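Presented sequentially are two complexes of chain A, the first with chain B as partner and the second with chain C.
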Partner chain A sequence: MTEHYDVLVVGAGPAGLATAQAAAGHGARVGVIDAQPRPGGQVWRHDVRQASPHAARHAFAALARVEWLARHSVVGAETQVLRVEHPDGVRLLGYGALVLATGARELMLPFPGWTLPGVSGAGGLQALAKQGWPVAGKRVLVSGTGPLLLAAAATLRAHGAHLLGIHEQAPTAAVHAFARQMLHWPARAVQAISLRTRLAGVAYRCGSFVRRANGDDRLQSVDIEGPDGAQQVECDLLATGYGLVPNVELAQLLGCALAAHDTHPHVQVDALSRTSVAGIHAAGELCGIGGLAAARIEGAIAGHMAAGDLTAASALLPARARARRFAGLLSTHFALDPRLRTLATPQTTICRCEDVTLGELGGYTDARDAKLATRCGMGACQGRICGSALAELGRFPRSGPRPPLFPARLATLAEASPPLSD
Partner chain B sequence: MSGLVRLTVNGCAVEMPDGSSVAAAVATVTPHFRRSVRGESRAPLCGMGVCFECRLRIDGVAHQRACMIPARNGMQVQTDD
Partner chain C sequence: MKGGIASHDLIVVGAGIVGACCADAAAAEGLRVTIIEPGPIGGGATAAAMGHLVAMDDDPAELALAHYSLQQWEEFSDLQEAEFSRCGTLWVARGEHELRAAGQRSARLAAAGIQAHAVDAKTLYELEPELAPGMHGGMLVPREAVVYPPRVARYLVRRAQSRGAQLHAGRRVQQLTRDGVQLDDGTRLAGPTLVATGCALPELLPQLPLRPRKGHLVITERYPALLRHQLLELGYADSAHGDAGSSVAFNVQPRPTGQILIGSAREFDAADAEVSPVMLQRMLERAFAFMPVLRKLQALRAWTGFRPATPDGLPYLGAVPGRANLWVAAGHEGLGITTAPGSARLLLDLIHGRTPAIDPAPYAPSRVAA
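And then the complex of A and B:
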């Protein structure tokens, strides 16, 4: 049986929550789906130790006026219907308008030792710490690029981690130029200063990156390359992330056009959140990495549009333009050092699901050929980690998704589709 | 803050703050979550349901993503050896 919503929202991060609030305000029947057990997405992820920020609590309150479907993963899409798996079974959810707010994941670059237990994403370890992962007293090194490193480090410190340092790959000049730009964005500058205050005493080294992680069956030390040469640092945990990749898979499955001029494609939308498919809107990180402010504004625009209020949506356009301009700064100032693309050796595992090394991918220039011959990208993550990494290494672009979007139970896939209406 | 949940990981009793994930509970017992195709030890990478490196067995059901599942009283969690 198919349940029907006027507006169906996928993702309960800042964008999806803002959508829900705006759409419900127009009296629409709204459903909000998220694979996670709690709302908040990445930035507002529930923290077992700290209360959520005020803006997050306010956004969560909007869920009281909609149907909140936690632990529901969208695994497939048919005409005007999503196939959704949850712990007790499968549901088919129909919609009048659909808003995609599926956010972003972290970009992981392969380097020798990156598969050792103890090595995780930077936002990844932040997320785990919020879930109660024991970091207190652990020696943690943070590396990668962008302001997310500071946010992750601040969370880790609040959870009692002993931070050994933050290694930012961008050179000092680029980071300083970014900091100067912040003067034009007072709210951002205040945020940045507060983060630095929470990280007082922690070394922040620019032009520095992790070249290798060492250990037998768990991390013991890392080799760091910096402006003053190489050094080895003993540590318990490495939190490393090279920016974010839009989660476009569901949009792609639905036939929405992607903007593919960057290494990692994002969903193409107009300023009013409309994708190339009528009745499908998109908001937040999947439309290009823009951060929290852009996600909230775009979510509200999408909610108004999905409920048919063009005037309310249009009123937010200037705010959207400003938030998106800030996002542009990130990609210019935190461009990746080309050396990072050469860290993996022929023996380095690239596809962690199927244990395929860089060497084994040798002669292939096309993702599909490589997949067929080596199983690279055919495992449980369906190439979300290795496909994005290979695109970043300049090997080949990530190939398109096939249903199910996540490994699903047979019963989920077998549930009969509804007959096509009219 | 809220209460505690009690579960077992590889037979060891673990107590976690309510709202913790199974992944967090496992990390208090062992750094190892699953064996890769070639037999390497693996542990969570993304913390957000994308990488599938945290897969393990919960109450007899294999291939569950530990970072996506809240720890509950009485759960029996088994890493893959």
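And then the complex of A and C:
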């Protein structure tokens, strides 16, 4: 049997929560789905130690007025129906309007040693720490690019990690130019200053990156390349963050057009959050990396639109434009140093699921061709990691998703879909 | 060479498993071969297939071609690229009448020289303990195997290239000319031509009727040792050879990776390549009825493919009627991985005017020509 919602929201990060709040305000029957056990998405992920920020608590409160479907993963999409798996079974959820707020994931940039135990994504390690995974007393080096490194480092420090330093690949001049721009964005400047305060005493080095992680069966040290030359640093954990990749797979499965002019495609929307498919909206990071503020505003726009209130949605357009301008600053000032794309050697693993090295992928110019020949991208992650990495390395774009979006029980796929009309 | 004419001993159009086998066999005989393939090698039906090397005995000509081909597949049993795994085929009987059929079928296979024997229920459950209770027994064909078809196609094309064959990768034959082919970039090639374009056959040879027959497959995460044999229901042939608009059958396979590949579904008149939730459900329910444990397994991916189906289910192998120097090898439906090597041998014998090892008459394209 299909349950029907006026507005169905996929993702309970800042964008999805703002959608839910706006749509519920119009009296619509709203369902909010998230694969995670708690709301918050990436930035407001539940922390076992620290209370959620005020804005997050306020957003969570909105869930009281909607149907909150935690631990529900959307694994497939059919005509006007989502196939959703949860720990006890499967549900088929129908909708009048659909809002996609599936966010983004970290870009994993391969370099020698990146698959050693002890090496992880900066956001990934941050998430583990928030869940209570012990980092206390561990020597942690953070490297990559952008303000998210600071956020991850601050969380790790709050959980007792011993931070050896933050290595920002962007050169000092670019980071300073960004800092000067922050004067135009006072709220951001305050955030940044508060982060820096929480990181007092931790070295922040610009124009510096990890070129290799060393260790036999787990991480022991990293080789760092900086303005003053190379050095080796011993550490227990390495957290790298080279940017984010929009989670477009569900939108793709639903037939929404993507904007593919960037290395990593994002969902194409107009300012009022409409995708190319009638009745389907998208908000937040999957529409292009824009950060927390953009996600919240776009979520609200999508919520109003899904509930049919064009006026309320339009009122938010100036705020949206401003938030998206800030995102533009990030991508210009923290553009990746081309040397980072040359770190992986022929022996470096690219596809972790199927154990495929960069060397084995030489000569292929097409993701499907490479997959058929080497199994690259055939594993459980469906090429989310290796496909994005290969796109970043300039090899070939990732190929489209196939159902199920995430590994799902066969019984979930066998659940009969309802007849189209009832 | 644009617009120019080059001379070749054999122009192979299409590099699926069939074109690849033909190109390899021709190059091995010393012919100057040219291969034209617009997409990835083995990226058509060949990439979608289960890769089960299996003899079907319901039609003598099909059995003869399969048997002939299975002998040649032995050459690849140690080839790394083939991922050859001799899991054997275990046909499952759901009722007494199917068990009786198993007896007759194993006799027919044995008469054709293929090892096969009926098994009782006790043996069946010893072989595959996870089968649902209530099965009556079945038939074991121990020497059958599974392979990974697209890598075999690549291997064969490379081997042909190492013997001098030329590959026009990324090019498509736009039309057949009086003395060869014209490519989509205007290049003209002259020489005897073999069309091995699978489901795309009607684009070049509309006089040979062919319909795409859609299939669905699902692959799971790794569950090593959950099952050991390629399993099929004895009623499979009814699904495979029936003319129903759509049908499903129990057909599951242990991959050498420990993954489980689940088929099979057949649909005429389904033109788009999308996964159909309804077909997937029917196919999986069928599989659960035979193996309830499958319900709980994690599916990684589902996909579809199209089998090139002729009206009588037999491939077109031979000269195109009314045309000099034009040959065809296409229409292998759901058995083309199995029967590609034999098809290639047979075709080369015909091209050279030799007597093939098996009677070529049942596959002659002239059987359908008006």
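Following the convention adopted for this analysis, the second predicted complex is superposed on the first by the 421 of 422 C-alpha atoms of A that agree within 3 Å, B and C clash if a C-alpha of one lies under 4 Å from a C-alpha of the other, contacts with A are read in each partner's own complex, and residues count from 1 in each chain.
In the analysis below, a residue touches a chain if its C-beta (ideal position, glycine included) is under 8 Å from a C-beta of that chain, and two chains touch if they have at least 3 such contacts.
Just so it is clear, the model here is predicted, and its values are computed rather than measured.
Trainee: Once both complexes are superposed via chain A, do chain B and chain C end up clashing or fitting?
Mentor: Fit: chain B and chain C sit side by side once superposed on chain A.
Trainee: Specify the partner with more touching residues on chain A, choosing between chain B and chain C.
Mentor: Touching more of chain A: B.
Trainee: For A:Arg352 in the superposed arrangement: first (chain B), second (chain C), both or neither?
Mentor: Touch partner of A:Arg352: chain B, not chain C.
Trainee: May I ask you to decide whether A:Gly379 touches chain B, chain C, both, or neither, giving the answer as first, second, both or neither?
Mentor: In the superposed model, A:Gly379 contacts both chain B and chain C.
Trainee: Identify the partner contact of A:Ala127: answer first if only chain B is touched, second if only chain C is, both if each is, neither if none is.
Mentor: The answer is first: A:Ala127 touches chain B but not chain C.
Trainee: Looking at the overlay, what does A:Gly118 touch: chain B (first), chain C (second), both, or neither?
Mentor: So A:Gly118 only meets chain B here.
Trainee: With chain A at the apex, figure out the C-alpha centre angle toward chain B and chain C and round it to a multiple of 10 degrees.
Mentor: 80
Trainee: Who does A:Pro407 touch here: chain B (first), chain C (second), both, or neither?
Mentor: After superposition on chain A, A:Pro407 lies in contact with both partners, chain B and chain C.
Trainee: What is the contact status of A:Ser417 with respect to chain B (first) and chain C (second): first, second, both, or neither?
Mentor: Second partner only, chain C.
Trainee: Return first, second, both or neither, reflecting whether A:Arg368 touches chain B, chain C, both chains, or no partner chain.
Mentor: Second partner only.
Trainee: Output check: A:Leu183 vs chain B and chain C. Expected answer is one of first, second, both, neither. What do you get?
Mentor: A:Leu183: touches no partner chain.
Trainee: Using the touch definition from the top, say if A:Glu78 reaches chain B (first), chain C (second), both or neither.
Mentor: second
Trainee: State the minimum pairwise Cα distance, in Å, between chain B and chain C in the overlaid complexes.
Mentor: 8
Trainee: After overlaying the two complexes on chain A, where does the chain B footprint on chain A coincide with the chain C footprint?
Mentor: In chain A, positions 379-380, 407 sit in both the chain B and chain C interfaces.
Trainee: State the interface residues of chain A toward chain C in the complex, per the touch definition above.
Mentor: Residues in contact with chain C: 76, 78, 83, 366, 368-369, 372-373, 378-380, 382, 402-404, 407-417.
Trainee: Which residues of chain C touch chain A once you look at their complex with the stated criterion?
Mentor: For this pair, the touching residues of chain C are 40, 42-43, 47, 150-151, 154, 218, 220-221, 262, 275, 277-278, 280-281, 284-285, 287-288, 294-303.
Trainee: Show me the residue ranges of chain B that touch chain A in the complex, using the header's touch definition.
Mentor: 1, 16-21, 23-25, 27-28, 31-33, 36-38, 40-53, 55, 63, 67-71
Trainee: Can you list the chain A residues touching chain B in their complex?
Mentor: 35-38, 42, 46, 48-49, 71, 105-106, 108, 115-121, 123-128, 131-134, 217-218, 349, 352-355, 379-381, 384-385, 407
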